[in-house]
Amino acid sequence: MWSILSTSNTQWVLFSATILGIAAGIVGCLSYWKKQSLMSDALAHAALPGVVITFLIIGEKNLFFLIIGAAISALLGAFFIQWVQSSTRITEDTAMGMTLSVFFGLGIMLLTVVNRTAGGNQSGLDSFIFGQAAAMVRSDVNTMLALAFFVILIVIAGFKEWKLYLFDPSFAKGLGLSLSLMNVLYTTVLVTTIVIGIQAVGVILIAALLIIPSVSARYWTQKLKTMFLLSACFGGISGAIGTAISAIGRGWPTGPFIVVVAALFFIISLVFGKEKGILLKHLQFRKQQKAHSQEIGHHPVFQKEGK
Amino acid sequence: MTYTAWIIITASLVGLSCGLIGVFLVLRKMAMMSDAISHTVLLGIVVAYLMTRELSGPHMLIGAILAGLLTAFLVQWLHNLDLELHASMGIVFTTLFAIGVILISTSIGNAHLDIQHALMGEITFVPFHTMELPIVGAVPVTTVMLAVVLLIVVITIIVFYKEWKITSFDPALAASLGIPIVFMHYLFMSLVSITTVAAFDAVGAIMVVAMLITPAASAYLWTDKLSIMLLLSSSFGVISAIIGYYIAAWIDTSISGSMAFATGIIFIISFLLSPTHGFLSRSLGKQRNQFS
Amino acid sequence: METVLKVENLSASYRKNTVLQHVNVNIDSGSLTAIVGPNGAGKSTFLKTILNLHPSLTGSVSYFGQPLSKVKKQVGYVPQRGSVDWDFPTDALDVVTMGLYGQIGFLRRPKRSHREKALAALEKVGMSDYANRQISQLSGGQQQRVFLARALVQDAELYFMDEPLAGVDAATERAIMSILKELKQLGRTVLVVHHDLQTVQDYFDHVLLLNKTVIKHGRTEKVFTNENIISTYGGNIQLLKEGQGHVVHTLH
């Protein structure tokens, strides 16, 4: 295992997976409070046709351009979800499901065409579906790192604005914060995180990296800042461990391992978390119940009437 | 029967069952639940395979139902623990799906199970794998399974029609009338699971979501009657399946992807043109209101 | 007078907070009771808990001396109007027919006689012209009347209604109240969560003042006094004596 991990390319890949996890953990907190957990899932799937179309246009697998294509396609998806739910009686849930599956269907149509054309099988676009961190070359890693740092920077720099925007948008507006600017920024960081993640984690599972760490963090703290920090840690560690494990086996996909590690953190948090963890909650409930039954002393609690 | 005919019949069966089930998914606001189940069903199939070393219909159906119910149960459990519904879905399905993919890529290796196949479906292979039935003769296995599932779906919908209606519209009233809403919920989740697994071979895990949700959402824009919505939705399902097949044949590409895309075309048409809920009629109506 | 509903030492919590504590109430048959209390006093939770739609921490509830499961058909419930999706593809008559699903039973379909019963109920609430109207095209008041008609077809002995008069027009309010009074004359028992303190005295013969626990319960003229209202609502209320009746005005 060490021999694999010690090659310089693997080290870079490991490092970028960690940074990606941190970025996803942080952005995940934003979408957690926007109550849009599955939006990342929908947008990740919606990015697929963009990736393939860009490849068809430029004819080579240049991550930087593919990311731009993915972003445009995901934004179209976001716009479509918004448009459908605001102008018909169709709910957000349905609009998301449609966008996700129809865009993905279009992506698969195009991908099949690409794979059929000469040399298409070498395109490596298939790895976008499950993620293959090991397939990344140095220039891919650089692109990813630059964008991940950009996302982290935007969230940290505007931390108090984000807080206001998430907690009480109308109040934020009253203070002169431009909601439309914040919405644009939010969508930008969300889409950026998703599209840089699909190379390493894949379109199907990238949502997990945004959802699971932030929810896990919620079980340990009531403070927004601590939640962001914890979520970033959970995301980063899951990214690193998952990538390391997937490097052991030949052709093992990265995404699933990252998700399973993140899920382990979630289970630990769910059970032992000091805010709303089930162990603590159970004890509280028992205490409450006991307090109630003691107060009424020997009053028969359950008595059937026979008239 | 010809090769093409079998593919169209199989695809139409997918369109029919998905169209019917989809109506209740949309009305119960559980569209994303079908996305979750369509992913976790993979884990059910893998585990069923690991335990029996067989990839036959009944094993897969049982594995799928169990996986679907497990998903529904875990999502509900987390949701009851105060976690937002979509967040609990996101956690449950990605985790179970990831476990499924890991099992396939590490222990089963190059067995018959292929993730690519499970996700994208390969309807072109369906007609080659047949079984002998009395009277009709050789019929593709997948087609038989889909026909059985459609039958189950239709019977369950007809038998429990009024219960579906009331538990979807007003669960509180249903519960106070003594209708077992929890049972109905899990029965419904089982239907979603078997429909998904039967459609797996034909259209794959993700495109089945398109077949489930999009025709129903399109139908929802045309009618205000549940029975008509069911009819419309299943017809849209069949039409998308057929259009999808011909698009795929025309540009030589993935049939399941084209079918998903075709459901999208029908939706866009409905979205723009529907007389009552369409975008055009609404924006025209708004303008009229502004002028008057 | 016979007791139709007996609630003993009921407690319930919602998330971390206990919202109901030691609720003890006996409801007499043939009474028309307003459940009154400030926001967050647990009025809706009270209805849901005694109907087993929300878990209770402690306590017992009996209907006609029996557990709810045995007498479900004699108990009718009208949820808040906002609790359902009015975009659901169905019409007014169909919604009313849903009230009969308990009687029709599992696996059976509604027959013509059921439809007629539903139509009669719509007629009663003045909505027979709208029987085939899609429910999203009804006004708030009309939707509430449909809900009431749905409860009427259940032909229950005991009714629970959650804010049936919230946000309805004056005509609907009159129609609903005349039906509630008629139910009372037929000897039925009705409990209504009510938010408008000014109309309590005109509409209801009993009042249940609730704020996490029962503050006072009894005949309106005895219980609905300034003193009791203040102790239910705390300081958030302003009382003005005008003539014989109280004109009560909430500050928020």
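The letters A, B and C name the chains in turn, as written, and every chain counts its residues from 1.
As a convention for this text, contacts are C-beta pairs under 8 Å (C-beta built on N, C-alpha and C of every residue); 3 or more make two chains touch, one makes a residue touch a chain.
Not measured: the values here are computed from a predicted model.
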item	value
Those chains which touch chain C and also touch chain A	B
Chain whose average C-alpha position is farthest from chain A's own	C
Chain pair with the higher count of C-beta pairs in contact (B-C, A-B)	A-B
Chain nearest the overall C-alpha centroid of the shown protein atoms	B
Distance between the centres, which are taken as Cα means, of chain C and chain A, whole angstrom	44
Mean-CA-position distance for chain B and chain A (Å)	25
Averaged-CA centre spacing for the pair chain C and chain B, given as whole angstrom	40
Two or more partner chains touched - positions in chain C	136
Residue numbers of chain A (touch at least two other chains)	89
Sequence positions of chain B contacting 2 or more other chains	29, 82, 220
Chain B residues touching chain A - in the complex, by the definition given at the top	26, 29-32, 34-35, 39, 78, 81-84, 86-87, 89-91, 94-95, 97-99, 101-102, 105-106, 115-116, 119-120, 206-207, 209-210, 212-214, 216-217, 220-221, 248, 251-254, 256-261, 263-264, 267, 271, 277-279, 282-283
Residues on chain B engaged by chain C in the complex (per definition of touch)	27, 29, 82, 159-163, 165-166, 168-170, 172-179, 220, 223-226, 228-229
Complex interface listing, chain C residues touching chain A	6, 8-9, 11, 13, 16, 18, 21-22, 57-60, 62, 64-67, 87, 136
List of chain A residues in touch with chain C within their complex	89, 284, 288-289, 292-293, 295-296, 299, 301-307
Residue numbers on chain C that touch chain B, as the complex places them	15, 48, 51-53, 69, 72-73, 75-77, 79, 83-85, 88-91, 94-95, 98-99, 101-102, 104, 106-107, 109-110, 134, 136, 150, 154
